[in-house]
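Shared chain: chain A. Partners: chain B in the first complex, chain C in the second.
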Partner chain A sequence: MFEQLISDMHVSRMLPEILVLVVALAAILVDIVTPAGRSTRPVQITSIVGLLVVIASTLFVHNNGPAFGGMVEIDSFTIFFRVVLTMLTIIIMAVSENYIQLVKIRIAEYYLMLLFALFGMMLMTMANDLLIVFLGIETMSVSLYALVGMSRHRESSNEGALKYFLLGSFTTAFFVYGIALLYGAVGSTNILDITVYFQRTGMNLPIIAWAGTLLVLVAFAFKTALVPFHWWSPDAYEGAPTTITAFMSTAPKAAAFAAFLRIFYVGFGEVSDGWTTALWWIAVLTMTVGNLMALRQDSIKRMLAFSSITHAGYLVVAMLTYDVIGGAAMLFYLVIYGFMNIGAFLVAIALNRNEDDDRGYDINDYKGLAFRKPLIAFLMMIFMLALAGIPPTAGFFGKYYIFSAAVKSGFIGLAVIGVLNSAVSVYYYLRVVVTMYLKERDEKTEGRIFWKPDMAFAVIVCAVLVMYFGIAPDQLLKVATASIGALW
Partner chain B sequence: MDYAILMILFPLLGVVLNGFFGNRWSGKAAGILASTMIGASFVVAVMITMQLIGMDPHHRMEEIKYFTWIKVGGLNLDFGFLIDPLTTVMILVVTGISTLIHIYSIGYMHGDSRMRLFFVYLNLFVFFMLVLVLGNSYPIMFIGWEGVGLASYLLIGFWWEDQSKAEAGMKAFVVNRIGDFGMLVAMFLLFSHLGTLTFTEVFDAAAIKWGHHIGNATITAITLMLLLGATGKSAQLPLYVWLPDAMAGPTPVSALIHAATMVTAGVYMIARSNLLYMLAPTSMTVVALVGGLTAFFAATIGLKQMDIKKVLAYSTVSQLGYMVMACGIGAFGAGVFHLMTHAFFKALLFLGSGAVIHTMHGALHHVHDHHTDPQDIRNMGGLRKYIPVTFSTFFIATLAIAGIPGLSGFFSKDEILAQSFASGNMLAYGLGLAAAVITAFYMFRLVFLTFYGEYKGPEGSAEGLHESPKSMTVPLIILAFLAIVGGYVGLPIVLGENVNLFHNYMHPVFAHGQEVVHHHANHLSHATEWLLIGISVAAALVGIFLAWTIYRKQGKVALPDAAQAGIDKVLLNKYYVDELYNFIVIKPLIGICNFAWKIFDAGFIDGILVLGSAKSVRWIGGGVRRLQTGVVGNYAFMLAVGILVLLIAFLVN
Partner chain C sequence: MQSFMFILLTIVTLFSALMVVTRKNPVASILYLVLVFFCFAGFYVMLGAQFLAAIQIIVYAGAIMVLFLFVVMLLNLRDMDNVEGKPNAWQNLGIFAGIGMGLVILAYLSGSPGMSIAPVGNNPEVYAMGSAKYLGKALFMDFVLPFEIAGVLLLAAVVGAVALAKKKRA
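What follows is the complex of A and B.
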């Protein structure tokens, strides 16, 4: 009877997610058997090896379809994000051990929280039911709250975590309220039922259904840090240990966009005329405000934090197209953005003078870096050019696909605003290149360089991928197109 | 012709070898290696051209596809090259001049500690420039377009100890971004209307789609956006401001990138897109106007510049204006012809000025003078005696640019003027003719002040004046030879039907566009042609005569900056355009940034976070009580306001 239940539920379709939990449990065990006060290296290795198995199980075990009675849907879209999110998590874990020793975090929970966050994110990407989205978001968020506050002895870390937690809870309340309103109108929280309901009503929705849709939109806008729901992100990004900042600005953002896409394309697609106007304005605001704030930053970490808001704006432009080309452009951009942003953050970690000091990420530390450390400067230049969207890096194609998709769908004004914004962003990215290549070395600002083999390896991998997807964007774009196709 | 790829692989190899292993050999060896690589590219370019010439004139077009680059969702792009007469002219000019300038640089950069890096950048530039002219689609061209911008920017700021040079690099890049914006929008529009971006397919599809709707708003918008791109890269009004500042870079860079090759990319792009322009007569008029005004306007600024390189910089802007104007009146072939001859004589002028500066440096160094500006022509004079090779080659180039019959510049400039007369656009003809007089004047002013009269440098420094080394003078002599004979491939039609070899060679490239719009070149009678030639020559002679009267006969000496007044002062200050940009663009931009900064950052982040940090100590240490009224409350309030605005917007909808 119980076995029957398991097979009806198609639990096996969630094998990778179950494996992530198993890895987490294994990591806890490893931590327990490691003598106290030792490094967390064993936990790190256990987690990474486990996640490699997760990727293998995703790629080689094909078992698509709904599970848990249609609560979740495993399709090529899910698989795409499973692989991407796990890879990003592995990169972050790989460089973390030396870093957390440096900033004196030294607790195995760092890895456990990453694993739980990954589980939550994976759940979000497959959720076919608003309640599962909620579950995924909360699992991810609670882990992130803890991660942001991990540098316990540092005030800004505590402050960022607290603000993130409070505002996150606030938004969660809105999200739950939105789900409740939709349930009131539709009588179900499953997005397929919601679609059927919208097909029947068309644009003549009762006001509670509109309000519910809107509140769900707000919850996603908050998680993806779109203006004007971005208030938490600069504080949280600045306060978090930098590896976690790199993580938060990429993987959770990708997961939130994945759920955003599935819920709005599949569930609320019928009433897209209703939400595109709101998203249009959100896109314009997000691109512009993020840019204007990044312009003035002298700290690389803050500059990257603000610019990640802008990049979320470009992603919204892609999402607005509501077609396969735009969706594929969005997935493409999410992947390459992940690599270029993590790469840039890792270089920032390598050069950070003092984690506890607010000026630890000062741009002046980069003066003449090209002559001091040519390789690091060269890699950083690749990431900066990619973020600025200059060919032949992948960043150029990412933006190119997004804006051409927007034009094709008739969002010409939006594309123009987007291109103008990315022109503005060239200024602050290029400033870093100028500082590295065209400024004289300044002995006063030269600090230690934290460049360990694991870090070097991860940064080079990111740089190679950023260049590779720039020179040969075809394959990734094909995979992205096939994945987004699952939503139609 | 698959081996065309070698042309871009050689410079790339140079970048890799010098970039990664170059610290194992000397800067000179790096220079020789880099020059060899470009030389090899030149050989490939010659072979390609020969092979193309060997083909039937009507089928002189080869598209080589190397691999599928992007194939997804309607966009189908191969990485490939398009080889036709236009391409071969460009690759010959680019690789040929680059080889000479690489060799020259070995001498010029001698002793610079970062010589190896310089050659890495230079090779990188050639790589991207070749991608730009060889690519078979707009995106590939755009990759080259951005790449040359990057390389140029790195080279302008090469001597970073000088802050103004680093800033000039930044200015070049930022201004070019405005142009790139136009390029991107044009590409998006082309793709959304035609579904392709490969040159051949775009032109075929455009001819079908708009062939019977000439002057359609979409094609006009596309071509105007492309023109915006061209005004950025080719330094036309109103985006020319970066080019004169860019001359802060090393002189070989000015010669190669900012005179002979990169800045002509805009002209190349318009010529490549000639069919699109033919479909949009309004855009053509705008192109002609932008070109003509630039030619005239920049020439007038050149009248009063005191820095030898600044004179040449404005002269370049002006000559680029001629090329763009030629495209605007439909004489694309004449524009490309001038592009080629200009590459010869302007590269020569820049390299010559480099040799002059090199000499002046030596002389000033001789007397340990570090205050006198070695580039200011007011400190020169009489150099003819000391550096005869530099002088004679510089003089040949001056004759060529002034339009003296028998030298290359005459043939191309005369063809542009004749064609603009024939097209009936008398404004273009008038601007071109006026610019020709002014050009002859300021070029001879430069020659007279630099090479004639008395040496005006610091006392005793004359003994330090020496001719430059062989590696610098040999390229000068070769370029001088080209500046003389380069024009004979395009003799005026009046001398016979088939003497304009260049025109005939290029004709297939532009034939399709002319067929689509049933355009027929207006032929002038022989008498008119001869008359126009006479007028052109007279214009040059008038300019030279005026310069001779003022600067030789009356022996007028240029005044110090402070003593300038009236129109002289306005010209010296370049019509105050930089100041105008500063006032109407940069200041408001800074204002907006500051405003946004105050609202978003100073208000919420600085004010609240800094304040918040102080408070948070108390929160964490003390009570939770404060949370209710603290900063987070503000954030939450903003969130709620956001939701409310959205809700209202939703309901209103």
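What follows is the complex of A and C.
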């Protein structure tokens, strides 16, 4: 009977997640046997090799279906995000070693927290139960709080970590309260049970079910930094070590959107009329406010931080459509956004003049960069054009798919607002390109360039992918469509 | 009897919770927090979750609150208006814990079969659900995955806390 119980749990379906934990524990052991004061290179290599095994196990071991009594669901949607999230984490880890030596973080826990964050994110993408979503979000967030505060000698890092922690805990309270109210109405936290409940009630929900849905929506809006719940993000993004800023603006955001999609498409799909109205306004506000704030920034790091809010707004537009085309566009955009944003942040790291100074990301440092370092300037131009959504980069197709999906679903007003916002964003992205290519070199602002082989390799990989998906987007779109199809 | 008890507990909980956030004196805040925790235990008892109630009192109202009180006293905050000294705070703690325990016992009596008019109290099945045995079964069978993930979450939190708190390696 006991064996039967165990085999019904289908533990092996969570092999990649278990492997991530094994890698984390192995990394702890490696750190212990490394002599104190040495570099954290062994931990980094252990983590990266381990994560490559994780990707292999995801791609080559096919074992789909529910596990642990329907608490988690392994389908093509899960696999898509497993691979994407692990890849983004590997890129960040690959460039981190030189950077954390430079900014004097130098502790192996940096990699451990990334691994734990990855574990939490993977859970979020497969969670079929609000309880698991909650635990996944918490595991991810706790790791991110620590990562933001890793530069302990920098005041802004401590400030950002504390603000992020306080607001994040606040969000957790919202989320738990929402789950409790939904449990009170439905009698279960499983999203399939919630669907059945909503099918029975239709839009005539009791007030506690509405309140629960709304609170869950607010919690997700917080985690994906949507306006008006975005106030933690600029401080946390600016305070964090820049590799972590690049990580936070891509992978955790993708994971949060994955859970957002699964919960709202599968669980709350029956009441979509209710939440799409709320999301319509959130999308408009997010795109516009993010843009207006990014316009005013002279620091590349802050500009990218605010523009990541705008990009979350585009993603919400895709989510609103509530169909396969929009969902596929959203997954497509999440992937290419991950690569172009990480690429842009890595270039910003390379040009950072002073690792202890928060204002080391001034746009004036880019004056005449094309004449000084043509390759770096060219790569940065690719990322800026992609973020602005200009062909032939992947950014163009990302936005094209999103807005055409919105038009097809009848959100024409929203699509117009989105395209207008996209046009505004061209200003601050092209400003960087203009500074690099058309401004005179200025000896005063020129500083050391931190361009190590690992960094160069990662940036070039990102740039190649951004260009590749811009020229041949069909393949990725097909995979994205198949993945989102698992939710229907 | 039970609905009266519910209203009484609700009023005390809300009042104490308000006092927690409005008192200037941190020791007073903590004492009211003790009362809030006891009231929660009272709610648990009324819902038939005796085991949870016991854990609530031992872990929250007991261990964690004493820890809180110690920390506040060690910090020796300057603007502690009305606190004359440590014995006073401990004495007050006794009074608050006494009131709280009294409320829990009242809640238990109001909820016990025979005295109650509410469905929970009269249903022996629901009463059995509050036992440690039932809880253990649920935790290790239906909810084994969340249980294990909570372990990972705690590990991540510990590693993160150590990373932020430990002395810098030069």
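Convention: the second predicted complex is superposed on the first by the 484 of 488 C-alpha atoms of A that agree within 3 Å, B and C clash if a C-alpha of one lies under 4 Å from a C-alpha of the other, contacts with A are read in each partner's own complex, and residues count from 1 in each chain.
In this text, a residue touches a chain if its C-beta (ideal position, glycine included) is under 8 Å from a C-beta of that chain, and two chains touch if they have at least 3 such contacts.
Model, not experiment: these values are computed from the prediction.
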Next item on the list: Tell me which partner A:Phe116 touches in the superposition: chain B (first), chain C (second), both or neither.
Entry: second
Next item on the list: Figure out whether A:Leu131 sits in contact with chain B (first) or chain C (second), or with both, or with neither.
Entry: second
Checklist line | Greater residue coverage of chain A in the superposed arrangement, chain B or chain C | finding: B
Margin query: Contact-wise, after the overlay, does A:Ile460 reach chain B, chain C, both or neither (first, second, both, neither)?
Written below: neither
Margin query: Between chain B and chain C, whom does A:Ala56 touch in the aligned arrangement: first, second, both, or neither?
Written below: neither
Next item on the list: Name the contact category of A:Tyr400: first (chain B only), second (chain C only), both, or neither.
Entry: first
Check: With the two structures laid over each other on chain A, which partner does A:Ala173 touch: chain B (first), chain C (second), both, or neither?
Finding: neither
Next item on the list: Classify the contacts of A:Phe222 with the two partner chains as first (chain B alone), second (chain C alone), both, or neither.
Entry: first
Margin query: Just to be sure I follow: which residues of chain A are touched by chain B in one complex and then by chain C in the other one?
Written below: none
Item checked: Partner chain A, residues of chain B touching it in the complex -> 68-75, 139, 142-143, 146-147, 150, 154, 157, 160-161, 166, 169-170, 173-174, 177-178, 180-181, 184-185, 187-189, 191-192, 592-593, 596-597, 600-601, 604-605, 609, 612-613, 616-617, 619-620, 627, 631-632, 635-636, 638-639, 641-643, 645-647, 649-651, 653
Check: Taking the complex as given, what residues does chain A use to touch chain B?
Finding: 155-156, 158-159, 162-163, 166-167, 170-171, 174, 207, 210-211, 214-215, 217-218, 222, 228-229, 231-232, 234-235, 274, 277-278, 281, 289, 292-293, 295-296, 324-325, 328, 385, 390-392, 396-397, 400, 403-404, 407-408, 412, 415-416, 419-420, 423, 426-427, 430, 434, 437-440, 472-474, 477-478, 481
Check: Which positions of chain C touch chain A when the two form their complex?
Finding: 141-146, 149-150, 152-153, 155-157, 159-164, 166, 168-170
Check: In their complex, what parts of chain A are in touch with chain C?
Finding: 5, 9, 21, 28, 36-37, 67-69, 71-72, 106-107, 109-110, 112-113, 116, 119-120, 123, 129, 131-132, 135-136, 138-139, 142-143, 145-147, 149-150, 152-153, 161
